[in-house]
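Take a look at the structures listed below.
One chain, chain A, links the two complexes that follow: it is found with chain B in the first and with chain C in the second.
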Partner chain A sequence: MKKQALRYSMVLLIFALSTNIGYSQDGSSTASEKEEQGEKIRFNGLGRTNLLQTGIDGNLLEGDTLTPRSLTDGEFLLDLKINATPNDKTEVQTILRLRNEFGGFFGSGMTIEVRELWARGVIANRVKYRVGDMDMKLSKYTLYNYDEEGHVNQPAAFMPQKEIIYYEQFYGTDNTRRLQGANLNFGLQFTDVIRDMEFTGFIARVRGTDFFTIPSRFVSGGELQFSTYSLNDSLKTKADFGFYLAHTFDDLKSGEANTGIRNTVATFNWDLKIWDLKNTALHFMGETGQSWLVSKNDSVDFYSSDDSFLDLGASLHLKPQKVHVDASFLDVGPEFFSIGAQSKRIEYDATKKYYNRAGEAQDQRSPTLFDITRDPAIYTFQLSDKLMPYDPRFSNTFPYGRATPNRRGITVGADYGKNTDKLEARLDAAIMSEIRGQGTTELKNFTLLKAAATIHIDKYIDWEKNLRFTLGYQYELTDRGGLDVEKVNLSSNLLELGIEAEIFTDFEVLLGAKLLQAEGSDYIPRIDNFNIVSDFPGRSIIDDTETLLAGGVRYNFKEGIYITLQYHAFSSDNNLNSQQSYNLNQIFVLYTMNF
Partner chain B sequence: MRSILHMICQHATLFFFGLMLFGCVQFKPQTLYDGLEPIEKPTKPEILSIVVEPVIFRDNAKDMWGLKSDSCQTVSLTSEFTHSGTEAIDLEWNPAAGGCDFAGIGIGWDSYVGKDLTSIMDYAAIQFYVRSKSGRMFGLPIVLTLEDHSGGMGFSYTDNKYFERTAIDEEWQKVVVPLNSFEMEKENLDPSNIKQLQLELQQSGKIYLDDIELVYYTPEPIVPWMDEEVLPNPLSTPIVIFDKKFINDNYWGFIKDDCQNFEMKPVDSLNEGGDIIHAKWEEKEGCKLMTFGASWHKWKPVDLSNVLGSKGFSFRIKRADGSSESLPIKVGLEDYDRAVTYVMLLPKYVAEGNYDTNWRVVKIPLSDLPKGFDFSRTKQLMFNFEEAGEVFIDDIKFIDLKD
Partner chain C sequence: MKRKEYISKGKAGLNLLKLFGILSVLIFAISCSHDEEPDGPNLEDRFGPFMIISELEVNRDSVDFASGQTVLFNAEFNKNVNWIITITGNESGAVKRIEGFSRIVNSVNAVWNGNTTQLPFFKIEMCNIELTIPEEVDFSSLASIEISSTRIYPGTLFTDFEQPAGSNITLGNFEFELTNNTARSQAFPAAHGDFFYLFEGTDNVVPNFFTGLIVISPQINGTEYVQFPTTVPENLYFNFFLYNDGRPYGIAVIQFAYDTNDNGVFNDGVDQTFQLTGDFPLNFTGWKQFSHTMADVGLTQELLQKIVAIRVLLISDMNSQPTPPLQVQFGIDYMTFTSGAPLSL
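Our next item is the complex of A and B:
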């Protein structure tokens, strides 16, 4: 049966490759492709070959006879995207994945699966719909896929493996979440004061039932956004405002399951453009709302909590100076819970693909910079019904982005330039504190500083090829006073350096370095259902240094098609117990082709 | 909180449906693809008749409706006055007199088949010949309407710019209305399925019409009606704004009335040679604006926003009599939104610290002018006079403060 499927797929593949192949698409066909006369079915996709060897050594491995010192792995993969527009009102698309693991042959290690399937269209030129797979985003407090921690300004050397992770986990460029369901969108135009209104509604199933104890889980919601006409023509004053709603619920009629949750988040947002003149523009923006969490046993609510948040900010754009400045006051209640916004990308307790356990005792390794940079297995796009674990070394101030509960304080930021300028820079700072103490009445204080800069050296020296230097830095301090047992003091520094140098046309040398240093102690709560702190499993004393170095070359055949050969060396130094220190390294060849 | 949210939702719903009911809202058109779609411009067909039957009316009333005589219009074919061939259309109309909603004719040329004009919209025009029955008409109140088989319509008014001559007279003349002048969005005309051409007759008129057809059309190249003058850099200091006369003679405000006497006068009487500005004023009730102004860039906007810290204005001034630490004169700028920014003539602007009957050099840095003014669109330098006084002003310059 499998061989037959393979045979059909190969026929399909040959047919696809013999057809006029266009450029890659992002979720759907680009507008220009629609205009291609006489072409109703298009074949695009992605091909990837990834061969890598990973090694481990160091003090941790002393006496360890189980852990192989070297692993070779790889895959050959073809995602064939079939896109059809039966008419100018309808579009359907599927992605068939053919994958063969390195070493597999004659069907062994071969998988064929449907990676994506959707259809969309326009009803009466007024209402857009989509069914199947879809990428959705609402606001940062309702449905939002925050970037993962562990990087500030990612050096280009680490991007090829990151791109694999993002692609595999459906992380869009716009912090969208991949869902499976249906959505609807339409707009209205008004004649006075309000210019237009956009409505989007959706429902998606994010978990199936096992017909016994686990009910089907759905997430639904939408947004209603209004935009006014210019309220003052000389100042270009304008107001945008609207509502967001995200509602996650378990279907207690599915199977025998009778226990489930309801999580609702409703918010109101606004963006008031006070003026937009030639030299400056001033905005007041913000969002406020409420979350409710109810756990039901049949029709009985046996747990409920609710809380609110307020995000109040202003931004100033100094146009001639190419500078944006923004500042916000943030207050997110301790009980604020939003499944759609607080679910993290990284599952810290997930099983890693490489060296999940190591050492004589075969303890599970904590995710490191090395794993975060390259291992798709610790990433997820699924929604979590409780606050997921986090590592305070990487992020303690905002482990769940701006939707992190139990935070109050101010954030400020500034950025300069665009990617066409010689210099792009971004500076962020936050001074936050807890609203409610955890295990004590004392509150933790958080200080966060982030800086990122990309220097286009080629533009300074007027070199026609690409020469870029990237810098990223993050400093974080967590402290809490009180009795000795209550005291917390944890600081961390993350430094990133990267160089891209195009030494010949389309041939680049990539160098990158990441350094994480964390020192101090903190209590990391164990979160139980309904986000209740079940336990503090003792003070975590941290004195770690992680170093990740990368070097390699990349040849760009054309945009979206490249091959890269790289070597990465990683060391994890535990300064409290040198026996826990270890090194990892990898050498890999990655060929990626978007077609 | 829950009740507040409930209330907001209720009111929002009421508001939304209220707007719907009162008809001030409509759905936004949606397309399958977001953003702008680059639509390739069709190439010009080599032979028009391959794309569409070009003859709409020539000699007979085939596929034509509206040939009737009633209180609104009298339309018939005539062989007496033709531009070519055997017959032309004789039109007389005055719908207002008959109290009717519509007067006009329609021609479903080529037997009303669906005609695809898509590929010629940018290359073709509807051409016809017209003449008045008697006298001259300084307009042709006809709306050409293309209608498709779905009821969609596109409109173009037979504007004078499409005439061969300025007016419709008793000589035949050609009128050419480009297809791309038709407004197609409003009534969703589908140019790929055209049913007929309608001529909606507005106001009143008496004309003959003949030889209506589609022809190739190439718009005349647009010739600028005046050459843009290349002006010198308005920031290239020093610029003399006044010395004997104003630069380019671009000034205003030199008037003489009961309140003010602003004049440029030879100063031989003062034994100093050349013209200077003499200003004598006294603020009274009912006075006109006691201000004069001048542009040093021929009334075009000057962007001063990047030179606020380095440039300014200087001039020489002296009182007719007496001495004072400051003068009731405001000097400043006006922008193209009519916003003004001024500073009063204070002691700090003259080296000697006071104003008297000797010539004093005044220097005003741009940075001293209050903000809240669009320096990127500066229109002119202005002097505004308050209270009463008499001064002489000379050598007004836009300068670099380092000079």
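Our next item is the complex of A and C:
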């Protein structure tokens, strides 16, 4: 009878449709302070004016008569968000974008477009749905938008331009991916052992067909998560566990296209709270799963691969000390492939908006700290069906985040404090190695060290205005033994320093510096379809130093509304060939208004 | 009651944690097993310095291919490389190439049974052998070998023109357009042996495409009808080599004559002939192999029983010829029938 009496009640785990939630990338409603309760239609949005001048000089430009030494451009932009709640169970929203290029007059250079459109609601007070644009995230191995490389603790001076990139590319604050489709969400509550269950499912189209060779591509999946009651009341022992599934597939019935892929990643995750006492809490958590990649020609599979991963860890929270410590064992198979998790934000072979080519030979410049900090053109939110190129100077240990294939090793981390404390600090380290050699049976070893600290000096000296110092540091070493031709040794250091000083009320001075130094050599594989290493173009010998300095002022009219004037100077020094060295600089005025 | 529920939950919780523990061990064992074969080309092969460890060696000084002997090659490098062994006949000019990608050249990947890559066939002659590595342009390793007898190819030879045919080949120069060179010839190296049959003429007397022909009787082999290794037309391949010196407008036609009146000799205009649609446009230079099945020319198993002659014609493509028309020519050699597959060089 007791089994039969596994009573559950359908409960709405979803939140009631909010009419007053913060502005976010997925379009969740943002209501201005002026809104009145009960309004059916609300208007919010973002306005931005960005004027900038970029210059280039240096040895690389000698003999170059094609590259303009200075470029000026900018934009005026208004994203008008119209949010309507026709009834208490339905909400629709669109963002209309009006944009004018700097120098465009009377309609010339002006565009009007729909940036976002979605509707959401609740079916029978039980099931939450959403259609149109949505931001989705599953686990770090299924659907996850990892942060881009090139920063550890970004100095505030570089944030305004980064925020533009994030906004334009729909990068959510919690590593979500922007998709267009539909999702469903509901929850169940139980009375025995399992306390509740939550289900989320979605399907989205991520690529359209050209009706000839390129089929439509869809990504679908979801998660099923369970949470238990306390299993030991004195220790507050508790278990959360569940499943993730991400399935990317080409519709071979669309148009004439008859070749496409299937990529499926299925995982099981858990978070066991062993105890949660007054002073300490201990968790065992992890995720494991399998990926499958199949390429189909009509109904025939002409390529397939599969591999597994395991992420097994523990974390300890020392509450009085405000310290979290965590450690994990990571094993991601060489052929593990997850389109949703391994697609990078930065396209290293994309055409840059500024000075894509430079020099007498008009060679394409490699993305630098300068480009990564300011150029939206090298960023993407699209999913890639093969492993994207990366630059080992910025990231060689985890170029695809924790989902980087062919890695096995240990990661450890610790953090201290919150943003209300005088000091926030985070330390991460990883000692990894390849599982499968590339071009040799010898394996590369990776050592990664990351440190970030934010010092709220104002709290130390009891100053009522904002005075903050930020520090970020990353050290990475890649090495491999064996024969001379197999040996690899590449080290890189990335240092970030930043100061925010509010010298008058709402008026801040911003200073920032980033330094990247990389030296050594490595082989960068050429990756073909299905992530097959086809060749090694040659040993990449690196001896570079990049320096990016920023200084400026910012006036904050109110939260979300500010104007900033900044000057950035960048130098790329190639120590192997000084003729390849060059400098970039920019001065810009940026006015941003969230309303 | 409350305590009972608490105990129940506690037991369930412990069971759950035990389950997680067991699962973790299983997952660890399963998830950490991967294929560890290295990715991509071997770096040593790709970028390492090249060295020869043992020079090219040949396992014999003289080879008797007719009795089934083969030639084995040996060499060793310090890394895997693309290598090519090129054997060139000093007299015939025949070329045999053996290619591979490996660190060791041996009997597994480098065996020569007397065949050829580039016509003509090898003769009884001395051959030069050269081992080269395309990526190491300065490297070469040399050897030589004498052929004491040539390879015997499978199949039923109809004629290779090595012996004078006498009346078994009838020349049809009806319009006096063929030159006196049209005959069994040594004008240039034959594809096989020393002789081939050369056609040469100009369609300028009676401009009707036809230039001249020969009729080859099966009596050339001492039989009334052509003998085949099989009479299944789909499995019976006719193989021959044609030569052209690059001049355009010529077309070779080969006809198979069925003894319609059962008299055992070819009667023009009486016996039915069969030929390949499209024939053989002479749009190439040098010797070239052609093969087709007898089913391709429309012959049935019954018809194959009584092929009384093979006619070879020289046609001048007057649709393309300039005015006046230019001379056309071709050589033909080694007409042979094989069963099951085309002649493999």
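Everything that follows uses one rule, which is that the second predicted complex is superposed on the first by the 560 of 595 C-alpha atoms of A that agree within 3 Å, B and C clash if a C-alpha of one lies under 4 Å from a C-alpha of the other, contacts with A are read in each partner's own complex, and residues count from 1 in each chain.
The working rule: a residue touches a chain if its C-beta (ideal position, glycine included) is under 8 Å from a C-beta of that chain, and two chains touch if they have at least 3 such contacts.
Note that the structure is a prediction, hence the values are computed from the model and not measured.
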Combined model on chain A: chain C and chain B, fit or clash: fit
Partner chain in contact with A:Gly437 - chain B first, chain C second, else both or neither: second
Which superposed partner A:Ser308 touches (first chain B, second chain C, both, neither): both
Contacts of A:Gly538 with chain B and chain C, given as first, second, both or neither: second
First (chain B), second (chain C), both or neither touched by A:Pro320: first
Which superposed partner A:Gln189 touches (first chain B, second chain C, both, neither): first
Contacts of A:Thr288 with chain B and chain C, given as first, second, both or neither: second
First, second, both or neither for A:Arg126, with chain B first and chain C second: first
Chain B and chain C, minimum CA distance [Å, superposed model]: 8
Residues of chain A contacting chain B in one complex and chain C in the other: 192, 268, 308
Sites on chain B touched by chain A in the complex: 1-2, 5, 8, 12, 16, 19, 24-40, 305-306, 337, 374, 376-377
Contact set on chain A toward chain B in their complex: 28-32, 34-35, 85, 88-91, 120-122, 125-128, 185-192, 196-197, 224, 234, 243, 266, 268, 277-279, 290, 292, 306, 308, 320
Touching residues on chain C, where the partner in the complex is chain A: 6, 9-10, 12-14, 16-17, 20, 24, 27-28, 30-44, 46-48
Residue ranges of chain A in contact with chain C within the complex: 192-193, 228-233, 237, 239, 241, 268, 270, 272, 284, 286, 288, 307-310, 312, 331, 333-335, 408, 435-441, 483, 485-486, 523, 525, 532-536, 538-539
